[in-house]
Amino acid sequence: MDNLQIENNILETIKTAFKVEGKVVREKRVEITAHKQLISSILLFAKNQHNYIHLNHITCVDWIEDGEFEINYIIWSPTTKNTLIIKTRISRENAQMENIDNIWDQANTYEREMREMYGIEFPGLIGEHEFILEDWDEMPPMRRDFDTLEYATKTFYQRPGREDAKDVREELTKQSGEEIPEFAKKYSREK
Amino acid sequence: MEKETTLYIGPQHPGITGNMMVKLKVTGDTISSASTHVGYLHRAFEKLIERRNWLQSFTILCRFCVPEPDPMELTYARAVEEIEGREVPERAEYIRTIVMELARIQSFMLWYGGQSGSSGLYLVGQWSVGDRNYILDLFEDLTGGRVYHMYIWPGGVRRDLPEGWKDKALKTMDYLEKRLDEYDKLMFDSTIFQKRAQGVGIIPKDKAIEWGVVGAPLRGTGIKHDVRIDEPYCAYDKLNFIVPTQEGGDVWARALVRRQEIRQSISIIRQALDKMPAGEFYNKIPNPMKWSIPAGSAWVKTESVRGEVGFYVESDGSNKPRRVHVKGAAYTHGVTVLEKILVGQNIADVSFILNSLGVCPPEIER
Amino acid sequence: MTITENNIKQPIGEYIQNWARKHSLFVLAYGTGCGAIEIPPTMTSRYDAERFGIRGAATPRQADVLLITGYLATKSLKRVIRVYEQMQDPKYVIAFGSCTINGGMYYDSYNTINALDRYIPVDVYINGCMPRPEAVISGFVELQKQIASGNAYNATKYKENLEWYRENQKKIIKNWRMPDYNW
Amino acid sequence: MNSFFLILLILLAGAAISFALGKISSIISGTVAFLSIASASVLFFTQLKNNTYIEFPLGEIQLQWGIDSFGYIFALIVLGLGSLASLYSISYMQNKERTGIFYFNFVLVITSMVGIIFSQDFISFFIFWEIMTWSSYLLIIFNKKDVKEIGVKYMIFSAIGAYSMLTAIVMIKGNYNTFLISDAIQAGAFNFTNNEYIPILLLIGFAVKAATMPLHVWAPKAYSNSPMSFTVIFSGAMSKMGVLGMALVLVRIFTFNANNEAILPNFSPIILQQTLAWLGAITAVIATLYALMQDDAKKLLAYSSIAQLGYITVGLAIGTKLSVMAALFLAIVHGIFKGALFMVAGAVERQAGTTDMTKVSGLIRKMPFTFFTALIAIIALAGIPPLGGFVGKWMLYESLITESNSYFLVILVFFSSTSAFLYCYRFLFGLFLGQEEEATKDVKEAPITMIIPMLILSVLLMVTGAYPGILFDPIAKGMETIGFNNVTWDMSVLGNIWGNSVNMIYVWLTIVIVFIAAFIFLTLKGLKGTRYVSTKDISTSGEIPLEHENLTFQINFFQPFRRAAAPMYKRSMDKIWNEIGSGLESLFNFTRKIYTGNGQTYAIFVIAFLVLMLLLKDTLFLN
Amino acid sequence: MEDLAIKILGAVLTTIMAFTVGMFYGGFVRKLTARVQNRRGPVVYQNFIDLLKLQSKTTNIAHGFMHHMAPIWMIIASLTTLMFLPILNGNLWFPNISFHGDLIFLLYMMVFGSLGMALGAGQTGNPNSAIGVTRGLSQMVGFEIPFVMSLIALMIQYKTTSIQDIMIAQNESGIWNMFSNPFAFLAALFAMFGMFRYSPFDIVGAPAELASGPVSEFGGKYLGTMMTANSIFSFFKLTLYVNLFMAGAGNINDVGIVATLIAIVILLIKTFALYMVPVFYGWVSPRYRTEQAIRYFWAWPSALGLIGIVWALI
């Protein structure tokens, strides 16, 4: 395929340089899976050699079944307009990941969020510990084993009346004695 | 005790965009350091989405960024389509384009209000926010909602254009074009506004991409970058439009870029309405409660007013998303970029710069 | 001397004061949630809330009405309480959107409170997600009715039952690091 | 025994005793100083009649002492302020070291100033002048801070003044063969027609003490570095000695020349007049601009003193009846309010440890009386009705506009006095308003002996506002002594020659009535619902400030103004002097070597110079 | 005795008139602003309602004595300046205490309120207030310069410092000062923009920047009293300008009620017309930064002022 030439080239270069797995997902998307220790060198390589100077995103997926976090680094190159996704997996226990805010300043924000939301430690990460939450003393909330409904029920007052799922408008029309048109009755929740 | 005075801009402050806080350390009226504090709007959307099924998530998605909910819906829908491999009818692509551009225009109108209001020119804000209602009317006719639409679904759009909508839309565009000239006369022709905006909040061109600047602020530094061109989606590759750029990287350049973009949007809408083919508008999805998506992940980008919006969607094959992670433009603009460019600026310009960057706090903390 | 309107008897001085309060509502500029997006349309040409004497105020000292525009994150709640306590009596709270009533679509979120009136007294609830400007204005009109009848005493209720409110508030806000007020 | 000698003797005895007692107890020493100055003042104002003179020979030279109405004006400042300042000193100097030396010099400065006022001949005038210089020098370096820089600067400029004055005296002796001031005036020594050097040299000598530009560079640091209780005298009274001299000379120049109309073609007094007036105005502007950039309250006041002396210079230089009256009125009122302000600064320094406005704030609740004084004095300083400061300013403006047509000068003066609002506010805000800081939590009000003089001065300011006539009376008499005719004045109506007037009593009445009404209304209205809250309870956008965060806005206070006025800040006289100094490096080094900052060497050199001049007078100045 | 009674009556009448007119002007401006912004706007007496509301607040906070006093200083400044300003040209019904109205006195009395207000704002300890005050004082130094220049030009022109005399002279010659010395008038007009603090010179309380600046901590009765003072003060400023440049209320020396009323109407028309100038300018201009505002005043307006002085000298 001709139109995927750039993508294949980049994939090949990185594959030969680091001996990692990878594939071309589609046009302008290249995906690489690497060990966590290789991440910063791959990022630096991509940034310096292939002009992937824009850090698009860092995201974390909780694979609780595997006992792992998947961290994805998404970087973008303004010259080829290509996106490179670098995936790595780290253990959920004592989760720790290399800090890359020396490569991109804005990585600091992502990492602070991940530290707060998933409890992943980034050694050497500066910045206040509280980024989004305040006085949070439970498990990091974005972990899949944190049950938000249970926490909400426990902490916040749950006003009764949610469970009956009544249509408020219907109730109001009933109160005012207004006649409910035929077509509306079709959608009524009371049946 | 610190020597510098601490000044809180927000959360309860007329100059802040949304509910966030910029903590300034000032000496005199010069800012020596700034730090963004967010979390006042954290609703744990990404956590809640994990508990909702693929379609229920739409109610949450559109609330990611309040001034401009449609790009969020579109990006998510496209991500789901990419994982599932679902086709979208051509008519739906055109309708989506129109919705996107309408959303862009209404958001620009709000930006007019913010940018001029933060510099004391309330008249433009009053006019533009008032006129914005006409676009919201169009949305209401089309989707039933003023602000949140939940209109774009995986596989197309929820319903077809209503009768007479096209004429109404064209009429509104004509009206807006006339009004825009009036706003420009007040805002861009005012020497005071020029004095205020020029040379303020400069983003250096050589650092802009590396800092993570996207959207109008990036185009304001002279770099031509627009997702609509780079990775065309919807019907953008079939329509004619230019991506305006300006040199300088200051508030003024960003304002000029936006000023040109809103006119491009109007032209795109006209073209799209003109070229729109007839046919299906919706590639029907199965029963939403049981609808599962094959395992896989997608990273999809869309150009919103503030810059590109990216969705990372991961599916584990069940009927609920595994992970939906949103990266809005404000995530970098509002934190690292803002903290960098505020240093050395005047206190008077904080709100001004915030508005020109289009910082939208719910996008940062979600 | 008293005056009777709508079957409510008031001393004339009070009547005049309530009339003034009713027609001059300064709304604090605090967009706590997504409902804030409908405030600019409410204030501008099509809906023009200034007809009713509603206008913005920049700081809590000058404001009469605190508009809670939507869900409150726990971090916001702390600020809202501080702002509310800095406002001067008589003060009113209008809660905006379904999420302030019972959590709305955020009922299972770990970071948003579900019933606002447990933490600060609410005078008027406006339901909907989000309420249209017409609904907002009708909420204001409802508040005006309450004020005119002298029934908008919720701020007093807050002062009298401060302990109950404090207890509820402190349940959510773990680190109560408010400066001491002398009231 | 003659009252003149008695007064000086009491003062000298007071100086000696307080010096001796200084080692034992600072309070007793201070009390002695206060008593001696107070009793001297009582003696002065009760025993001495105006226009009494005594003559006595000192070897060949005939000396004459006396008191006229003109000197009386300055005696009011010197002795009144001196008594209050010495009362204030008792507590202020309480816990300091070397108080004996302080009081000795303090009383000596007062003595020398009284001596200057007494002197009717150049020799005793000069001797007292020099005593004043070096005793004040010892007080400037009393705190042993920056002795090299401040002391040397003061000495150098004093020397410039002394030498020029001395030269002028010798020239007078040479030309007119007299040391008596009155004889010299009679002979026309200050007259431009005869010799333009004598008045100019004398003016330079006086201008140094009056801190007129460009001879002001010594003043800011000298004012702020001395003990505050002395700065009260230093800025309030001692600078007025310069004013006294200038008034004496200038009035003669202008009035005489106006009558004779014999003006030198190349250097007319009009030029001198205009130069001086503009110098005064520029002094005022520049000093104001510097004052509003200061972070130290003492320095702020020091610059402000220079600015105020600038107005006085303008008034004297214009030389019309109203303007001289304004200048003299301002001189007295400036003594009062600047004395009060330095007392305030001293009280803050004593109680809070520093006058750095970035460190101290929110003292109003702790030091209410001090704040009251500061408020009154600042209103007067800013020239806002209805206090004494306004009266002086009004007369100055009216005289500039109506009598001398110096319209552009008015703009300059007005610019300075409007900018003065900025530093006035800064002083009050910096020390007393704003956040109550942790560092100043335990500050108490100043002791009563410091409060009383401050309150007396504030009351004086109010009285001079309502009844400026009580100062017009001595001023008018004094002005008649030095050559003005028919000086009219009214108890509380200010009038200009275009027939417009301001009645201060009406102003007071209106203000007081409105004040009482508004105060009662605002206080009683909703009295129950009014709470007084701490400065912690402010609206910080809903956020709760952290412990270590500073909410006081103090640093770079007037940055926007500074930015707008940036070109005006580019050059400073200090820099120019330094440039001149470096240009003439060798000479400057030489001067520095001679004036090591030691008072004795200075005195020796001055005396040597005097002797040299007297020996050479025939050869040098014989016309 | 009768004289005194008339004076007191006149003073009270003047105060009431100034207050009412000032409040209504504020209401008109709000209404007109709303109309320009495509809105219906509040009722014209909305300011009265606001004032009544503010005064009927049941709790008020003060941060201390100076905070408590701030509105009082403003009231003092407004009323004292008003009392020493000739409202109608020598009319019996509106005598003021000093019949001539001295310009230098009024010039200084005008800052009394601002400084008092600044002190009150300072005591709150709110950094926004302090920053607002520094801005306000700096701006004051800006606009006072062209203002005083134009005043000096007038003084030169008429050889008097009395407002009364300037008014009479204009009426006698029949040429308003705004025509006889347009430069001075323009300089004063620019200064007026700064005095009224409409855009682009609303930098003191700029909401988006400082959250209403010095008045941040003032609410309830304090804010209400300030509002009263401001209304009176704006009437004073307008009347001062009309007196100086537009011949006051005309040449009416008749004591009759009808003549007085006509004079008042003339005065109101003139003041309102003048008031609209900064309001119009404010609608269409964004806000300056502080140093830009100061430089603005020191550039063209001051140059015009200088030309005005030269013009008057010639």
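In order of appearance the chains are A, B, C, D and E, and numbering begins at 1 in each one.
Keep in mind that, in the parts below, a contact is a pair of C-beta atoms (placed from the backbone, for glycine too) under 8 Å apart; a residue touches a chain by one contact, two chains touch by 3 or more.
As the structure is a computational prediction, the values presented were derived from the model and not from experiment.
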Counting one step per pair of touching chains, how far is chain D from chain A at the shortest? 2
Quick one: which pair of chains has the most contacts? D-E
Taking CA centroids for every chain, report which one is farthest away from chain C. D
Closest chain to the protein CA centroid? E
Farthest chain (mean CA position) relative to chain E: A
Rounded to the nearest whole Å, what is the centre-to-centre distance of chain C and chain E, using the mean of the C-alpha atoms as each centre? 36
Based only on mean CA positions, could you tell me how far chain A sits from chain B in angstrom? 20
What is the distance, in whole Å, between the centres of chain A and chain E, each centre taken as the mean of its C-alpha atoms? 59
Of all residues in chain D, the ones touching two or more other chains: 529, 531-534, 536-537, 539-543, 551-553, 557-560
Identify all positions of chain A at which a residue touches two or more other chains, and write them in rising order. 133-134, 141, 146, 148-149
Overlap residues in chain B, where contacts from two or more other chains coincide: 5-6, 11-14, 29, 39, 42, 44, 47-48, 51, 126-127, 130
Every chain pair meeting the contact rule: A-B, A-C, B-C, B-D, B-E, C-D, C-E, D-E
Which residues, counting only chain C, touch chain D once they are in their complex? 30, 59-61, 78-80, 82-83, 86, 89, 177-183
Quick check: in the complex, which residue numbers of chain E touch chain D? 55, 57-66, 68-69, 71-72, 75-76, 79-80, 83-84, 97-98, 100, 102, 104-105, 108-109, 111-112, 115, 118-119, 122-127, 130-131, 133-135, 137-138, 140-142, 144-145, 148-149, 152, 155-156, 159-162, 165, 211, 216-217, 220-222, 225, 289-291, 294-295, 298, 309, 313
Given the complex, residues on chain C that touch chain A span 74-75, 78, 101-103, 107-115, 118, 127, 168, 171-175
Within their complex, state which residues of chain C touch chain E. 16-17, 20-21, 23-24, 29, 44-45, 48, 50-51, 53, 55-59, 61-64, 88-90
Complex interface listing, chain B residues touching chain E: 5-7, 13-15, 29, 116-123, 126-127, 130, 186-187, 190, 192-193, 195-196, 346-352
